[in-house]
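Working notes for the structure below.
In this document, chain identifiers A, B, C and D correspond to the written order of the chains, with residue numbering beginning at 1 in each.
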Amino acid sequence: MGLGVDFRNTIARRAAEEITNGMVVNLGIGIPSLVPNHLPKDMMVMFHAENGITGMGPSPEKGMEDENLCNAGGFPVTLNQGGSYCDSAISFGMIRRGRVDITILGSLQVSQQGDLANWIVPGKKVPGMGGAMELAQKARKVIVLMNHCDKAGKPKILTSCTLPLTSTACVDMIITELAVFKVTPEGLILTELFPPYDLQEVINKTECAFTTCDVVRKISY
Amino acid sequence: MGLGVDFRNTIARRAAEEITNGMVVNLGIGIPSLVPNHLPKDMMVMFHAENGITGMGPSPEKGMEDENLCNAGGFPVTLNQGGSYCDSAISFGMIRRGRVDITILGSLQVSQQGDLANWIVPGKKVPGMGGAMELAQKARKVIVLMNHCDKAGKPKILTSCTLPLTSTACVDMIITELAVFKVTPEGLILTELFPPYDLQEVINKTECAFTTCDVVRKISY
Amino acid sequence: MENPFGKITALEDVLKLFFNGMTLMFGGFGGVGTPPTLIDAILEKGVEKLTLIGNDTGFPHIGIGKLVSQERAIKVIASHIGSNPIAGKLMHEGKLEVEFSPQGILAERIRAGGVGLPAILSDIGMDNELVSKNKPHFFLNGKDYLIETALTAEVSIVYAKKADPYGNLIYDKSARNTNPLVAMAGDITIAEVEEIVPLGSLNPDEIITPGVFVDHIIPSKGVNWKWAWE
Amino acid sequence: MENPFGKITALEDVLKLFFNGMTLMFGGFGGVGTPPTLIDAILEKGVEKLTLIGNDTGFPHIGIGKLVSQERAIKVIASHIGSNPIAGKLMHEGKLEVEFSPQGILAERIRAGGVGLPAILSDIGMDNELVSKNKPHFFLNGKDYLIETALTAEVSIVYAKKADPYGNLIYDKSARNTNPLVAMAGDITIAEVEEIVPLGSLNPDEIITPGVFVDHIIPSKGVNWKWAWE
């Protein structure tokens, strides 16, 4: 059972709070793609796509697609004012040089150390890592948006990931439909809750131990 | 005593014979800069400058100089049709990738193995190698144009260079005011003479041994 | 069009450059920016046992995916094959060898080949066996890195918006992607272009790939596949 | 001009970024493409003990040469200093340390720093002690190579023709040279530009340096030195 649209948008809205004016942001597919809808209209954010776009805008209207203007997933997008095109080497140069402020991506599992496992779906063929490793290792801040548990109801936030890792100790923040965690060298800190969920429910659905910050914010948008 | 203008142009004219339509050619300073004057007007040659010009044209008329359009020596040039600008990394990428067909350069000394010594003037300060090493090592064909002897009358074509090397075994052809040599793994082959100079004079003025080809061409432009 | 450099070439003539067992590098990202006319011509010629190098394996009927789906390749070096399930199937059946490289490092390996460098150092995917296996390591300033070797190909094929007769290229929007890198890495590079314009009509400041790197130019018949989003 | 990214900066504010002992990388080739207004401002501020990284040391009164001639640098990493005799004189007097790097390899080392790679492999100047001394070697496929380390700087200064308020840059003719590489390699990059144009007025296909790499934009007062050819 996946998340309803509302929960997905709640998660995306919370992620949007991390973005400030002028940032360069790379968004993964799925819930991360909803984040731009929750940014203030006048905020200048440069969305980065691995294939060589800085300043990506929203999807074009049907019939207005340009086959030579697509995001890294191959779907038509637009370009905002101030945007530019570059080759794939420079695009990843931006990532490795630390010029991409935030990457917001989905994940299959995250460990309490911030290990990320998001590139091999269990039981499926090996699809290849694409640009996931560079983004996970080199974006200045890595935010994971995901369901708190998988479709079988099993926790996705774990003491150690059981799936092959994309990168170790790279995640900075986890946002699920239940809660928000900060990843620190000492482990996870729960900083926020999405009522009606409470702390006990998060504990029940999280495999690893975590601490809570002094004042847990209760988010109700 | 240097060479007269006529000899310089004779050498340049002979070097021009090595160039065919469509080639990418990098010219050093001095005699090499005279080579374009000796090319057929309708020949399409792309002159390459290390600082990022392909398709460099002749010097502009006085008063028409553009301070942002200079060759690697810092002097104003023009751009021919089909020319383009690139950054210094791509410019040297062309050289290392083997896309520069010929480099024509001056030298202080050349050895019978084709070792090139053209980057440190004896007794002067160390100026640095600039782009000389890449050009010597990686241009597809390296042609040296120089006086047969130095100002003191000493041979510049030697068994072994006495000056610090720019690069080893890189020169393919040597053109002086006396003769033309092909450099082979077995040593130098004299292929052409510029009358009134004869073989004996070349032997007298060349430190190393060399062979002659079956039919030595006598050049008289 | 005047052809003073002899680079504007008939399709049947460039086809002579393709042969069984060759290494072929292609521009494009998810099929966007992959030269459609050349792909079809290579298919029709029946070339096989190809080693393909490029960002990904496209979709089954899009871009390089067409060659992969018809089992014309024995090896692929790419960053992912997820959008082409046939590639995954062939890999699991042992019919297709796949070497995965992280996307940005793959781009840099191609660029290194293109600018005549033998290798680069990288710390991407150090701790992932799929990336690091069989690769030499090097310690620099106390930190461990992988030596990632340069990639070149016997022939590179790219897709551009415009070329002049010297092969100077400009690209269209995100169809640029890996094309300028691939254009440098081919021993022979063929550019398929939407439009050939007279010498001197491209602004020399705006040329992305200098014609120095381009050996042949062929006019494109345009994209003839249906995109995944259509 | 609107300044929605806050990158258009007063000269006195960018001057706060310069300090004694810093590493400063500069664009330009023989002074062409070196930012004149920034050079003069750095001179006036009296910054010293600089480590300078760039193609060359200009001419005594041109480009970075001004800083070198006035003994503001303790070290230079460059491909040559021949056009600035004062640099050679200071080197021989022991007042200036000079690290020579072959020109194209220097460009690649700067680019490597700019794109976050730790090093490249190179066979340029292998047999020359000035190039190879103190550099690690690596055998790859039976051939010996040098490990050439990436270069970055605390501040990079570049000169461009136009910038928009995001710092997207286009360059003018051969004044491009090392500037796009240097622009990526700075921890902080300052672009001095001939003209600042409104957001959206640069063609996104023609932008050479994406504004992502640019932190500050200052308007240029123009070249105020006399060129060697004048």
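By our rule, a contact is a pair of C-beta atoms (placed from the backbone, for glycine too) under 8 Å apart; a residue touches a chain by one contact, two chains touch by 3 or more.
As the structure is a computational prediction, the values presented were derived from the model and not from experiment.
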| item | value |
| --- | --- |
| Shared chain contacts [chain A and chain B, defined touch] | C, D |
| Separation of chain B from chain D, taking each centre as the mean of its C-alpha atoms, in whole Å | 30 |
| Chain C-chain D separation of Cα centroids, rounded to whole Å | 32 |
| Approximate Å spacing (C-alpha centroids) for the pair chain B, chain C | 36 |
| Junction residues of chain A, two or more chains touched | 79, 85-86, 89, 92-93, 95-96, 138 |
| Numbers and ranges of chain D residues touching at least 2 other chains | 108, 115, 117, 123, 171-173, 176, 204-205 |
| Touch-based graph of the chains, sorted into line, ring, star, complete or other | other |
| Chains that touch, pairwise | A-C, A-D, B-C, B-D, C-D |
| Contact footprint of chain A on chain C as seen in their complex | 29-33, 55-56, 59, 78-83, 85, 88-89, 91-92, 98, 100, 102-105, 107-108, 110-111, 123-125, 127-128, 130-131, 161, 171-181, 208, 223, 227-229 |
| Chain D residues touching chain A - in the complex, by the definition given at the top | 4-6, 114-117, 164-166, 168, 184, 199-200, 202, 204-205, 207, 210-213 |
| Residues of chain B defined as touching chain C within the complex | 21-22, 24, 44, 46, 48, 54-55, 79, 81-86, 89-90, 92-100, 138 |
| Contact set on chain D toward chain C in their complex | 108, 112, 115, 117-123, 136, 138, 140-141, 143, 145, 147, 149, 170-173, 176, 203-206 |
| Residue ranges of chain A touching chain C (in the complex, touch as defined) | 49-53, 65-76, 79, 85-89, 91-93, 95-96, 125-131, 133-134, 137-138, 164-168 |
